[in-house]
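Two complexes, one shared chain (subunit A), two partners (subunit B, subunit C).
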Partner chain A sequence: MKNGFVIFLAAFGVVLTSWCAFVLGPQLQLGGAKQVPVLNSSDVYPLNRPGEAAQGLQIYRANGCAACHTEQVQQDGVACEVVLTSAGKRNPAGVSNLVSTLKLTGLTELEAEAASDKITAAGGKAETHISATGVDISRGWGLRHSVAEDFLYDYPVQLGSVRVGPDLADVGRRLPDANWQMLHLYAPRSTVTGSAMPPFRYLFETKKKVNGESSPDALNFPKGFEPAAGYEVVPTSDAKKLVAYLLSLHADVPLYDAPFTQLSASTNAPAK
Partner chain B sequence: MSDETKSCSTPSNPEPAAERSHLPMWIVLVMLTLLYLGGIYFDHHSGWFDKQVYSPYANAAMLESYQPQSGAGAILMQGKKTYEAICGTCHGADGLGKFNQAPALAGSDWVTAKGHNRLAHVPLLGLNGPITINGQQMSFPTGMAAMGAVLSDADLAAVLTYIRSSWGNKAAEVTADDIKAVRASMKTKLPPLTYEQVMALPE
Partner chain C sequence: MTVNDTKQIDASCRVPLLVLFGGAAAWLVAGSVMALLASLTFHMPDKFGDCSWVTYGHLQPAADDALLYGFCIPAGLGVALWIFARLGQVPLRGAIVPVVAAHLWHLGVLVGLVGIFIGDSTGFQWLEFPRGGSALLFFAYLLLGLWAMMNFSGRRDSGMFPSHWFLITALFLFPWIYSTANILIVGWPVRGVVQAIIAWWFGNNLVFLWTSLVGLGAAFYFLPKFSGRPLRSYYYALFAFWTLIIFGSMRGVPVGAPVPAWLPVLSSLNSLMLVIPVVAIAIIGWKTVVGGTGPECKGGSFCMIKFGFVAFILSALLVIAQACPQIGRLTQFTWFGAAQTQLQLYGFFAITMFGAIYYILPRAVGFEFRYPKLIRVQHWCAMIGIILFVASLVIGGVMQGLKLQDPNVAFNDSTKAMLPFLRASTTGLLFLLLANLLFALNIFTMIIAWKWSVAKAVFAFVVSPLAKSEVKA
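And then the complex of A and B:
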């Protein structure tokens, strides 16, 4: 080993370079991440998950949900749509004629501005709506791509890398029904035909009804999936925490780094 | 095996040693080409490692151009949200006010006044004491605190625009610049205003 020290230095340099690029760099860039303002609103994003949902993250982790589910939405593009809000008083017929000749959807920002200017010049009023496009978006998995802020209060972050099941980044918005989530955990095929998800029955207890009365937590089954007569299925505290966590997954507000036009006011608040 | 041992032990075949040679020109050219192509790719896709630039946005300027423009509809939506969160508790989501708490905003001559100056002072500084609305004298025991003082210019402008154009009210919109001007005109932070003080202000 004539050049032992040189080889050591070179190897150390390589390790140091990659440490700087993959550990130090991201830490400097995102280590001080804070809540950010929601576009066109006085709200901030994200809010810390309520206690039960924060505990649910650990149940999610313990059951290995991230092995089959991701929490990251991809966005392939962005599109503008020009919407006529008022034809104006000067020349309404002319404006609606103009609008019928213009291409108003799937525009780039420059094209949208040009179309909007034409409508304004004719006397109408137009608004530009911005929306995310992409495979994940068209599946309804989210309204925008995931950003670092989405995971600000999560430890450890459950990004996931395999999609045996659908993405869950925004599942609290698309499936907000707690009973649906419970049923889906207890018997996946009672809610999704042909679901490949294993049932998580050990998160539930099957009990005899007391005096024939159901408890308020008891699952509300669809036909064909009910437990035996006189029995009911109630969630354990783990199941409640996990569902609280799932319902708190709301990546649905526009941010500076993930802009889109919010058409109906969705809530930033974590689900109850 | 035996052949190898033989050849190694033969003195006429010494252990080969690496010699220095020149770096071939084609490797230099290939490397430079790769560097050039990499530079182009970096320019189009890196966003210069800006933490706010994600795919599909190529750079900060493109991201900036895709920020939603706050059109009239967006401002009203924003105003409605803020109003219902802050003002609606007392003035009601329907703008009809609440008995002994706050007066109605729907149809109020304060809200639909031609100028916004007096109206904007109320959320910015608060209002106490008996007041006259639509010629009718009324009094609210708790008065109003400076609920709008913490809102941004844009948010307060959106709220005022919202109450001036909802529930049958039809008055001109208020812009963020207007609120900025009102804020600048109140040189000192006054205590909650009284009716007479508000009426002394320019409309």
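And then the complex of A and C:
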């Protein structure tokens, strides 16, 4: 090892390998990613965020929200449930007898398939419902785990690394009320008791009401948190953009690599 | 090498080192003030709502970057410059270039930090500095790295020491990863989660690998020097070097991230393999130091570098622990990660640099520190601070993880459970601030004393009567 050039060359090779694995490789695999079809639907996913929400991502970035919030829901796996849709005409009593003996919830995909086959063989009709499992899913933070597609059109991608606050990947579905989001930003403890979030009062203006009339976008406060009489709190355009972004965060469509059965109609359409 | 040669080599590094270390000390203090303010958010969240500059989302990234870019990198580069000059037995030539580069670097940090505060952050962890700041940093680093390499290639002693391998690799690692990250996720961003993957790759290579290379490069220079015997052994060091860069450079993507599954798997695998270099490095440290003729540990340079060395082993063990599936699942998204990062950046790297700087600066400048007794106090404060900070966040992180992984525990309870631990970590930050202030005090008084001595010399030269030979008849 007397030769500095040998060291340099070999270390160069190591860094080059690392670069190929973690920069070039992912770019080749994902750099050309396109929209993907939504399962059981003719829609594609994702759509671009609407203009105000896209601007809101920049407010999210500028204020360093990702220092406390992640945008990545995780799941352990899936659980299947076999639901009898029709007992059929051939032998309805036999089918319902069979169904009462079978385990129909909390199944793996293979078990669900077997149960479904048995019901079909007996003459009934069954549907298999898939749902994601895991702590994040139980907390209601999402219907499925986050996938690369969720971030296709975002810049910068704000995955975050620490959960000082809850995950936000699906917050637009979980908490769709714009007034709630505004209140939460202005005075977090007015909506969530014991929240550790600092308030973002600088994104709002406290103004005197004109002729005692509230502005249309003034916040509706719960009891005990109202501003002084005759005053109102209105969001700045930054706050509106940020809330538009938060409401646009809903990763709630089933995809090939993250399937689940939609029980209530959810939509791929951007938030209003 | 005669004593005069050594003195000449030390003196040749004087001005670049004063600029690099002086600015670094200032950023160190600024960073710990910001970290402390950010940490106070958890104890009095309502106080920080009226101005964007004082919110956690601005303060915390700024504090992290002030520590990494403001202190760690310039301090590391200064120590590397000096070690190259000493090992190669060649004085640093053209010192004006590193002096200018050091100023550019600190200007870049200033631009970057102001950028974060006015909301111009790029939004990627460890890469928050906006373009203007990062361009200055890149250019300044190139100049400093080039000067170190020129000194290296002109060395009088043609041998390569273990410190050389570590420092040279670190020197070219930074421009590579920094340009890749800035071009591909700031300048001409790639699509979707590839941004996050590159940001993770960059963050790991800078925060873990770069600091490990420079910190160990310095430790492998100083530990034998203080112990009075050679590094044991050359081949262990060679083995540790190769395994460290191979496994250390190919990781960073966390488990469960919404990216192709092979990336987190490869990352975890390489993190686990880090156990190989860590064991080798621990053996080197043990065999070199234990039983040597080193001075008694009284809070001086030797003591700091030994502490930093142990902190490196612990920090790497935390990395390895996080890569174990059972532990990683528990500690993901908790304060555990922040504890590991701080142990790496402060416990290992900064404290190793303190030890090196306390040794180098008096030799380079030519006089002793103004308050030598405070060096020991500083070391105690830094040790207490970092132990409090890391221990509380590691334990707290595990507690938080247990609550986060239990769906029957409300999310707010996981936050509340952290409060006592955050109180302890804030106290730790207070000790770190004190340590940093004491460090800066010694560095600044030395700079002032040096400037004063230069001013006096200039004054004496101006007022001194001309020599007879120069007076024309």
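Throughout what follows, the second predicted complex is superposed on the first by the 271 of 272 C-alpha atoms of A that agree within 3 Å, B and C clash if a C-alpha of one lies under 4 Å from a C-alpha of the other, contacts with A are read in each partner's own complex, and residues count from 1 in each chain.
As a convention for this text, contacts are C-beta pairs under 8 Å (C-beta built on N, C-alpha and C of every residue); 3 or more make two chains touch, one makes a residue touch a chain.
Bear in mind the structure is a predicted one, so any value in this text is a computation, not a measurement.
When the two complexes are overlaid on their common chain A, residue A:128 makes contact with subunit B while staying clear of subunit C. Once chain A of one complex is fitted onto chain A of the other, the partner contacts of A:41 are limited to subunit B, with no touch recorded for subunit C. Shared-chain residue A:229: touches no atom of subunit B or subunit C. After overlaying the two complexes on the shared chain, residue contacts for A:157 are found with subunit C alone; subunit B is out of touch. Contacts of A:72 after superposition: subunit C is touched, whereas subunit B is not reached. When both complexes are overlaid on chain A, the residue A:259 reaches subunit B alone and has no touch with subunit C. Set against each other, subunit B and subunit C differ in how many residues of subunit A they touch, and the higher count belongs to C. By the touch criterion stated above, A:109 is placed in contact with subunit B alone, subunit C being left untouched.
Across the two superposed structures, the residue set of subunit A contacted by subunit B and also by subunit C is 29-30, 74, 145, 147-148.
Subunit C meets subunit A in the complex at residues 41-42, 45-46, 48-52, 55-58, 60-61, 116, 119-125, 152-153, 158-160, 164-165, 168-169, 172-173, 176-177, 180, 184-185, 189-198, 200-201, 205, 238, 242, 245-246, 249-250, 252-254, 256-260, 263, 266, 333-335, 337-338, 404-407, 411-412, 414-416. Those residues of subunit B lying in contact with subunit A across their complex are 49, 51-57, 63, 65-74, 77-78, 80-82, 151-152, 155. Contact residues of subunit A toward subunit C in the complex are 1-4, 7-8, 10-12, 14-15, 17-19, 21-23, 26-27, 29-31, 33, 61-68, 70, 72, 74, 135, 138-139, 145-159, 161-166, 188, 192-202. Those residues of subunit A whose C-beta lies close enough to touch subunit B in the complex are 25, 29-30, 39-42, 74-78, 80, 85, 109, 125-130, 134, 145, 147-148, 254, 256-262, 265.
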